[in-house]
Amino acid sequence: MAEIGIVGLGRMGANIARRLMRAGHRCVVWDQDATAIAAVVADGALPAADLAAMVDTLAAPRAIWVMLPHGEPTEGAIAALGDLLSPGDAAIDGGNTQWKDDVRRAATLRAKGVDYLDIGTSGGVWGLERGYCLMIGGDAAPVARLAPIFDALAPGRGDIPATPRREGRAPNVEQGWLHCGGHGAGHLVKMVHNGVEYGMMQALAEGLDLLRAADSRALPADHRITVDLADVTEVWRRGSVVTSWLLDLTAAALAEDPALAKYAGTVGDSGEGRWTVQQAVETAVPTPVLTAALYARFASRDETRFAGKALSAMRAGFGGHIEPK
Amino acid sequence: MAEIGIVGLGRMGANIARRLMRAGHRCVVWDQDATAIAAVVADGALPAADLAAMVDTLAAPRAIWVMLPHGEPTEGAIAALGDLLSPGDAAIDGGNTQWKDDVRRAATLRAKGVDYLDIGTSGGVWGLERGYCLMIGGDAAPVARLAPIFDALAPGRGDIPATPRREGRAPNVEQGWLHCGGHGAGHLVKMVHNGVEYGMMQALAEGLDLLRAADSRALPADHRITVDLADVTEVWRRGSVVTSWLLDLTAAALAEDPALAKYAGTVGDSGEGRWTVQQAVETAVPTPVLTAALYARFASRDETRFAGKALSAMRAGFGGHIEPK
Amino acid sequence: MAEIGIVGLGRMGANIARRLMRAGHRCVVWDQDATAIAAVVADGALPAADLAAMVDTLAAPRAIWVMLPHGEPTEGAIAALGDLLSPGDAAIDGGNTQWKDDVRRAATLRAKGVDYLDIGTSGGVWGLERGYCLMIGGDAAPVARLAPIFDALAPGRGDIPATPRREGRAPNVEQGWLHCGGHGAGHLVKMVHNGVEYGMMQALAEGLDLLRAADSRALPADHRITVDLADVTEVWRRGSVVTSWLLDLTAAALAEDPALAKYAGTVGDSGEGRWTVQQAVETAVPTPVLTAALYARFASRDETRFAGKALSAMRAGFGGHIEPK
Amino acid sequence: MAEIGIVGLGRMGANIARRLMRAGHRCVVWDQDATAIAAVVADGALPAADLAAMVDTLAAPRAIWVMLPHGEPTEGAIAALGDLLSPGDAAIDGGNTQWKDDVRRAATLRAKGVDYLDIGTSGGVWGLERGYCLMIGGDAAPVARLAPIFDALAPGRGDIPATPRREGRAPNVEQGWLHCGGHGAGHLVKMVHNGVEYGMMQALAEGLDLLRAADSRALPADHRITVDLADVTEVWRRGSVVTSWLLDLTAAALAEDPALAKYAGTVGDSGEGRWTVQQAVETAVPTPVLTAALYARFASRDETRFAGKALSAMRAGFGGHIEPK
């Protein structure tokens, strides 16, 4: 059995610790919130007073998994570990970091002999039971050393049908973890994964919006059709081309409330959708769908409506159209 | 001097009558609103009690210009004229009609020996002074016969620099009127004109929105820049690549109020932007910009926000993200 | 056991017959291609010499499922059945018809006392084994009468986890068939399904394109990352947010050939993606992702590149940029 | 009369020197290409052997305008000038620099007491005769000092109608130059200008593409319309809403060759369209049109067609659609 330190015990970090402990691994944990530590300690983890104590507690070669919000919190923790860890140890960023930051950090840590892994971790609130899909970037040696950890976190084969013609390929991929490539590759693949996620979500949302509006009074009476979205999404789960986990979740939400009345309709975005578009721009790859999905979220939060005002001003200018408040 | 009947004396129809009369042409006019008739009669037009009276008043071969809202009003007037007019007369739809309707109507009228012209008319509230850009579809004979009318309505060469290498081409094009082709061609060209207009407007509006947001608090302090949009649009009018009439109008609106506070930000759309997209779909021509411009208007009026709610429901489902009201 | 006539024995029609016969139903079949008939007769179907013979063979109340290309072939078959069928019989269009055509046809057939059902049928080449997802529009009585047919065609519950809180809803939805609403509702739901399918496919395709280009020489050397797309798609099948049948298919294609070298990159589109956009335009629902997905297919087939030429001409005009052949 | 150094004598730099000399200003010039120097010297400029010699030749307080390709060439020149210039001098970047680089450079130069101006310069090959639209960022003092230079370069009022209600605003804006704000503001405004330019160009290009395809054989025979694009763009120049300089240029290109046959249809992009999208992403401003315009250029150059191949592979997977080479 392996041991690992876990820094950051939010929903993701705490459940990662729990899934590892269920598999028999030992977890030394820390969070800035003592309550968060206590909850995971209650499930069997060993608490650390701070990062230094965590490093002292773990036996070399150490592995410490940082699961913090991207940006300053993660940056600070990795920097601190760079000072505390010894050659042969490994620092892991399991959060949602811009992959270029990984490239930079890995070079810094390598100078100290410390390994660095960037791991894109998908699974959300379901990961504890369902397992986490792990996309790993970094050198081969620490990946090989930590394979038991990845085996425990990943979903495993389950009853998902095997893809034909994968003979000769690394079997761990079918377990749900992949060494994607060198430093940054893990977060790059996770970034694009989230970009695709945005696009798929928006595709579904637009389709539902179309069906909702199909009984619009703007249509001729004999062209108005009312459909039950909870039933539509449910039937699509059965043998249709759009079957997907996102559809499962949507069907469940609509079964609970077909009007989705508890949501305001304004949608946040994390960094990865944005970085995906920036990557597209840098590499000159047209990604109209991934970008439209991001912009739909931006537009959902646009309180200013300045672009619309500018359009109205032009319309008033040339056509006398009046679109006042 | 020519004479013409004008049906529909809204902003466009009334000013078309006035511009024709200024050029010495005789206008017989009708509108369902007696006040509208009186106003144009005060400027020299001859009133008609109804369409039949208008037809009686005009000498053959007659020309009657219908300038009504598209759809039922125009459809009804053209049908009525079909019954009233004689072989050799011409019915003109100067409004914003779907060009396929022109094709259908022209066939019906042709069976009665009546000519039909579809004329896309651009110029808005400025047309009386600035002239109207006329895009004409139909047979050559009635177009030739009505050239004096078109000469009077079009802006004329003015001080717009001539385009090189147009030797041998019809000089009326540089006056501002074009026989675009057969039935429907006039409204097709006008439809696409309006599609392009939507795209250009949205390009400008997005640029201004970007500049407005350039001092966003989400940016690092030394990357926040505040610009004066009235001045920016004014300077762009002078030697930049984006100089355009739409920019002129925008600069004027911003000079009056840089916040455009009197507009709500919800933007209407007439039929032509929609027909443009439908044409694109039917002919498999990718028009991402023209379509995005139309959808931005749709989105500006979206009260339901159902697509956003669906996204929030999915995010809650997989990630526990909470985006309630 | 029920009996049904099937008109059109292409890949879809033939397999629908086979799946029904496996469930013990009796199929009377016709196709313009005698070989196609023979193949299904070999599996147990009863051949008909023509539509009239099929009608004669079936006992009233009859049901005849038309599975032909949309447009003229389907239109002709439904019209012919309208003449042949008797009050109480049902004509079914299981193909990909524009739902407005269903509204029209249903009114015509109703005048003769003949029922009409429009059924969106998803399942493709996998339907024989996996079952077909059925989206049905029409009156309740023929739907109820044909429930055994739909039960046999639909996938059934299988091992797909039940959606919570569906108590009290029609259980057949979880079997994979849904009475969506009145005439046209089935094909409307299928149309939007296909629109969503286009969007999801494009989201995946763009993500893969981004990963492919991540080792672009345009990037700084330390920012080039090479990933194995076959492995990436495989790992995403395991616990990630984008797990979906489309991802399964993509992973299989990439396992066979990561370069997808046998495809040219030009992509066709059937009517439903287009109708989806037209529905969006008619109901003023912004669908940027569904539309971008359609336009990407249009662009993939654009041999003319005229829009690009126009851009180059403008660039040459203002900047002297030279982009010749 | 003022004097100025000009570094970089490409099309833009050389013409800027010429326009300044025509107004009576003295220009000391340098370029890495001696031929380029000789051409401008023939028009009256004073050559410099290198940057150091240029600095020696100019009297304090000096102003040196760098007009080089963005990235390394400009970066190097500004850095060199930082070493050579004295407190009170000004370094000007008149090229197309990312505005964040201006913020950084200005801070570096300020530490040495050297002023820095970032000037977005629009006008292209027509600037010599038409004048340059100048968008200036930096401190007020050097802007005031260099006003005579800007007056000479800008187009001046010409016969462009004045915008109402600009009383009390800086008159130089109507001359065609604007002090947009602090460091970076000039290039920010120019960046967005170019973003808008991309959008307007694409709007026009799509409209023309639609008209070109309006006689598509995919349409019913009576719905095919052939129009002359040279005439259409010419008539739009006269009183229509889309009148613009880009339209003028397009009409000229089409008058020369309606098929635009000398262009391949693949379109380049400079940095500013990309930076515009990145700015949009950073400030969460939805810019679907500006982004679609950029992506259309990317797509025009996509040799790989990998996204299309991925779509074809999925279609083959679920539907047996065959789209081979």
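Lettered A, B, C and D in written order, each chain numbered from 1.
We adopt the following convention: a residue touches a chain if its C-beta (ideal position, glycine included) is under 8 Å from a C-beta of that chain, and two chains touch if they have at least 3 such contacts.
None of these values were measured; they are calculated from a predicted model.
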Item to check | Those chains which touch chain D and also touch chain A | outcome: B, C
Item to check | Repeat of interface A-D, chosen from B-C, A-B or C-D - more than half of residue-number contact pairs shared | outcome: B-C
Next on the checklist: Among the chains here, which has the CA centroid at the largest distance from chain C's centroid?
Outcome noted: D
Checklist entry - How many angstrom between the C-alpha centroids of chain C and chain B? => result 39
Checklist entry - CA centre of chain A versus CA centre of chain B: separation in Å? => result 47
Item to check | Centroid distance [mean C-alpha coordinates] between chain D and chain B, Å | outcome: 31
Checklist entry - chain A: which residues touch two or more other chains? => result 124, 202, 204, 206, 209, 213, 241, 245-246, 252, 282, 284-288, 292, 295-296, 299, 307, 318
Next on the checklist: Help me check something: in the complex, which residues belonging to chain B touch chain C?
Outcome noted: 241, 269, 274, 277-278, 281-282, 284-288, 291-292, 294-296, 298-299, 301-302, 307, 318
Checklist outcome for this item: Seen from chain B, its contact residues with chain A in the complex are 11, 124-126, 201-202, 204-206, 208-209, 212-213, 245-246, 249-250, 252-254, 260, 262-268, 288, 296-297, 299-300, 304-321, 323-325
Item to check | Of all residues in chain C, those that touch chain A in their complex | outcome: 99-100, 103, 122-124, 127, 130-135, 137, 154-156, 158-161, 163-166, 169-170, 173-178, 180-182, 184-185, 188-189, 192-200, 202-204, 206-207, 209-211, 213-214, 216, 218-219, 222-223, 225-228, 230-232, 234-248, 251-252, 255-256, 276, 279-280, 282-290, 292-293, 295-296
